[in-house]
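First chain written, first letter: the chains are A, B, C, D and E, and each begins at residue 1.
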């Protein structure tokens, strides 16, 4: 069972074997159906538990980090240094009265948060956290993630529409416009990496970085794509400085203004899980995912790096990007809605396109391999 | 002011039970003596600004009562015209309507409306006062002269019930639209309002 | 009666102009009275066309407490403590305005100690007010951290107040005839320490917000108020100065000891949010330099020249005094009958009441986000508008 | 589109209404010929963003900058300023006698009737004295007017700020521990020539204890027309 | 959601011997609620600044209590800290805000204006004399404005109340009688008499008895 955490540690870095949970299930199905059922159950429970635990942890971390950015302490009184603060919040939200406004469109109002959380969960199962910690490894992984994350905005739109509140509607419309715009940039920067790696499968993209991560192996192109991805996906996440759909000082909470209790917590949770997915994706595509820090050719060095388990590499990289996003959030003011659009259509989109062409050129000329 | 007759010098222990008076009690309605003397001295001389303004604009007269700023009076009918001149005349250039409010002179049956003009170029201030009857409080608006007048007049309407002719948007500003009465009038009555009567509290 | 009185419902009626199906329809939306961006209970009716604000109609009165009516039933000394509750961020200056009015009317000559203390206190109050405004502006524009930095530094100034006065916000300190208490023995040291601490912090503010390109984009050429329009709208204070009119009563009509200190009046050139922003930041610096000039030279003397328990009767007639608060010119207008120790009429010419109406002029045909920036850059305190 | 350097303000001296005024004019972005190129602006913009991030990370990595005081935990060490206006109390001497003789000055000075005094005539000395000193903490504005007006230094502030309660009526305090003569009445009565000891005893016997929460709220609102009442249990 | 917790105590009583877990559960729920009070961003005047000092400012930092998540929408808030004067025009809005909140909801009234009308009790034609005439108030924090520490003490008082089982309160129903919100068959006078009685009972002291254990010395 240890290989779940460490992968199959081998001396030469070239042979990480990718075994996903779905693979295990399929294999086991032939031999022992009970084992297969066990794996499937493990996957379900794992994803569900991971989802809520991760959400609570991220919320706690965000509150603590924000507090220390601001010279204060943050939650201190529930558990040691407020560790259980998120638990208290979760219990409270769970047991809070559930209000459905009188004039709201009842059905849509009820399913909107479920949309959000489902989209999030679907994204989560594709992330390769270590060679053997991945639920499904689709061969069109990148496209799939991109597709299901767009699904989430449907939830937001529905929430805004069904609340029968002008602020909510305004927020939802903003979210829709923002999401559609920035999705282009995200896809463009994803394409750069798929061009480099020659695959849409996330595990293969990770494998392709065994001589170096795309962020530096792709010359400037990889770096630019990384930053474009980071900016655009922050915008997709509705995180400050792009939090216009829920801008507190403008729209009093935007699309989720009318939501209370558990349903509100779905949105809350989805927001933080989405942040994790975006960070994990950035880490996977540009920073090598679970792939240790390798420099092509330096076998001793690479071997040393392999001693650190891939799961830790993944966690470290993701944490770093999450921290980056939080850091940006607690520093910058928000953009105005037209500036947001201008940033996308006049800056990020041209940059993305040029970058894609440059990437294509690099791939054709094989310059990107950069072997030293 | 001086410090004579401080309560410290009295013997407050000997206060009578019902309502001990705090001090030698100027129960007689008389203002402080110094102030009275100064008023007598001040009255004859008029500030230069008032003289100038009255000389230029015929409708204006020096202010009849006491004021610490240069003040003039005008009839309601001439108000807009003279205020426009005061604003446009480069000698005065009262480009700012600092303040506009009303005083309820209930004994005279009049509202006194006060326009406080301020000139940024000469840094002088002029008080223009006009009086309208209490039972028919209508006066032309000066919205055309200064933009802010629109809202200052709305405030006066809200609290005093002065009606402004030709005002573009005359409605209450602080109180609800269906509020009865005008609270800053002296004869305003309200069940909701409580009066502080120290003796009654016991 | 020929004069027509309208109501709010009539005012917000939409003109149905959607003739062709391609026309967009305007709609009204309510911002406030409970809204994070309206700084209390200001209510703004917005006529929107999509995201574009066509008209802003401030609806006031959600904290109208009838202070002028209460003032007619209280003595001047009691009225001072009511002014604390109007513009609570310029409480010192409000107190000072009433005191100034009473002292002018009674021709009380104050000694230098009182004037020095008052000036230093007022400038400290101005600094803390601007610091708070800076933080709140950051929060309104979506940056939460400046809010806390502003509050963190402001807290040190409230400590100064608390040490000398015992209160942090509504102090009732400057009284007709002097100040309530003499300054605390630690006062001078503490003020010096705070100024020393706060100076680099202002640079840090600039690094964090002023220099930030997003803030500049959010503020520049947003909510332009021309000098003519500003004068006609009667706005005062930093808002007027940002439009390029260097009207600062501290300089042009000095009271207190402002004629003994050197300082520069910060003005803008365009009258947009950026100018208003920068003017306030510069005013913090100027206030600090003023305090530095004054703090070592506080002369000795009595701190209260009028007996508090003595009946204060103003001479008959109208009395007016004005001064520059953190938000503009505050005028106290009192009419006395010469007999009673209570005024016949007392009126506050509050800077915020005049300033708030410029929001419409600034915001027309811009975005909701700009509205938030505009309202924030006017720096309103709602209880002072409503009184 | 340009970048404004907030430090680049310009200074000049002008005259307003005959008064010389030194002004500082707010910086604006470079325009016209001095306009910067796009790359310069981009560079400056990115730099400005990074500067901001440097400031915030500076606080994160230095835990010593945390200024938080943890109130309930630091309760033992928490010290208010000596002039802090926490709660009003009557000054008592070391024997527990108060200075206040119920002279009413504070009640008159109070702007909103937060102080309500009842006095009575002492049956022994025949002097007026305090019966009950009601202080409405629920409406007190801590304006210090009472203390300022008091001719006997009978009032002072204490630093207790923990006064939160579940019921508003508990915020009406009786400040005096007893109803009876103040300390200087007693002193004077004793000094009066030929006062026998039992007369003093008799005077002291007129003192009656008073409980802290001493009276009904003297004022209760009348509700508000237009707002329907809430249901009660 | 609200329904389940409202019904919970009844189940507990019906379960012979099995109530332990649910009571424990109840305690946990109360603890969670007490430690996760998200306030509504609502402030009308001066007290709001001190409230912001408490909630926002780093020096005091209400985040330690888990209460820094100020929600602009009443739907997601648990707690209104009424900070500042409530006037007639605002009162219906305050009621609306309260009604929009989801149960369980708590109210803290800070400052003199909110508790009683403060400096504006007399001669004011708009000020409501006490926010408890509009909505039920759980904790009163006096002061003008109260220090942040005083507000924290109020918050702790509220937490104490929640922990001791105030979780189950029917929506819209207030516990304490307030003069304006009388049931139809009770007259104002009765309530006043009750109050008088209660308070007099509270302050009733046996003079003779107290004199025997005299606090102050008889000699001087």
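The working rule: a contact is a pair of C-beta atoms (placed from the backbone, for glycine too) under 8 Å apart; a residue touches a chain by one contact, two chains touch by 3 or more.
Predicted model, so just to flag it, every value in this text is computed and none were measured.
By number of C-beta pairs in contact, D-E leads over the other of A-D and D-E.
Distances from each chain's CA mean to the overall CA mean are smallest for chain C. One finds 33 Å separating the Cα centroids of chain B and chain D.
The centroid of the Cα atoms in chain A and the matching centroid in chain E are 42 Å apart.
Chain A and chain C have Cα centroids separated by 45 Å.
Taken residue by residue, chain E touches two or more other chains at 58-59, 61, 64, 72, 88-89, 119-126, 129, 144, 147, whereas all remaining positions touch fewer. Under the contact definition stated at the top, the residues of chain A that touch 2 or more other chains are 69-73, 76, 248, 252, 330-332.
Chain contacts: chain C has residues 35-36, 61, 64, 66, 69, 73-74, 81-82, 84, 145, 148, 152, 170, 208-209, 212, 214, 247, 252, 309 touching two or more partner chains. Contact between chains, using the touch rule, shows up for A-C, A-D, A-E, B-C, B-D, B-E, C-D, C-E, D-E.
Across the complex, chain D is touched by residues 58-61, 64, 88, 91-92, 95, 112, 115-122, 128-130, 132-144, 146-150, 152-154, 156-157, 161, 170, 172-183, 192, 195-196, 199, 202-205, 207, 210-211, 215-218, 220 of chain E. Interface residues of chain E, counted against chain A in their complex, comprise 1-2, 4-5, 28-29, 31-33, 35-36, 58, 61, 63-66, 68-69, 71-73, 75-76, 78, 100, 102-104, 171. Residues 1-11, 60-61, 64, 66, 68-69, 73, 104-108, 177, 229, 231-234, 245, 247, 252-253, 305-307, 309-320, 322, 329, 331, 333, 335, 338-340, 344-345, 347, 349, 353-354, 357, 386 of chain C are the ones that touch chain B when the two sit in their complex.
Against chain D, in their complex, chain B makes its touches with residues 7-8, 10, 12-17, 19-20, 22, 119-124, 191-192, 194, 196, 198, 201-202.
Residues 88-89, 121-126, 129 of chain E are the ones touching chain B in the complex.
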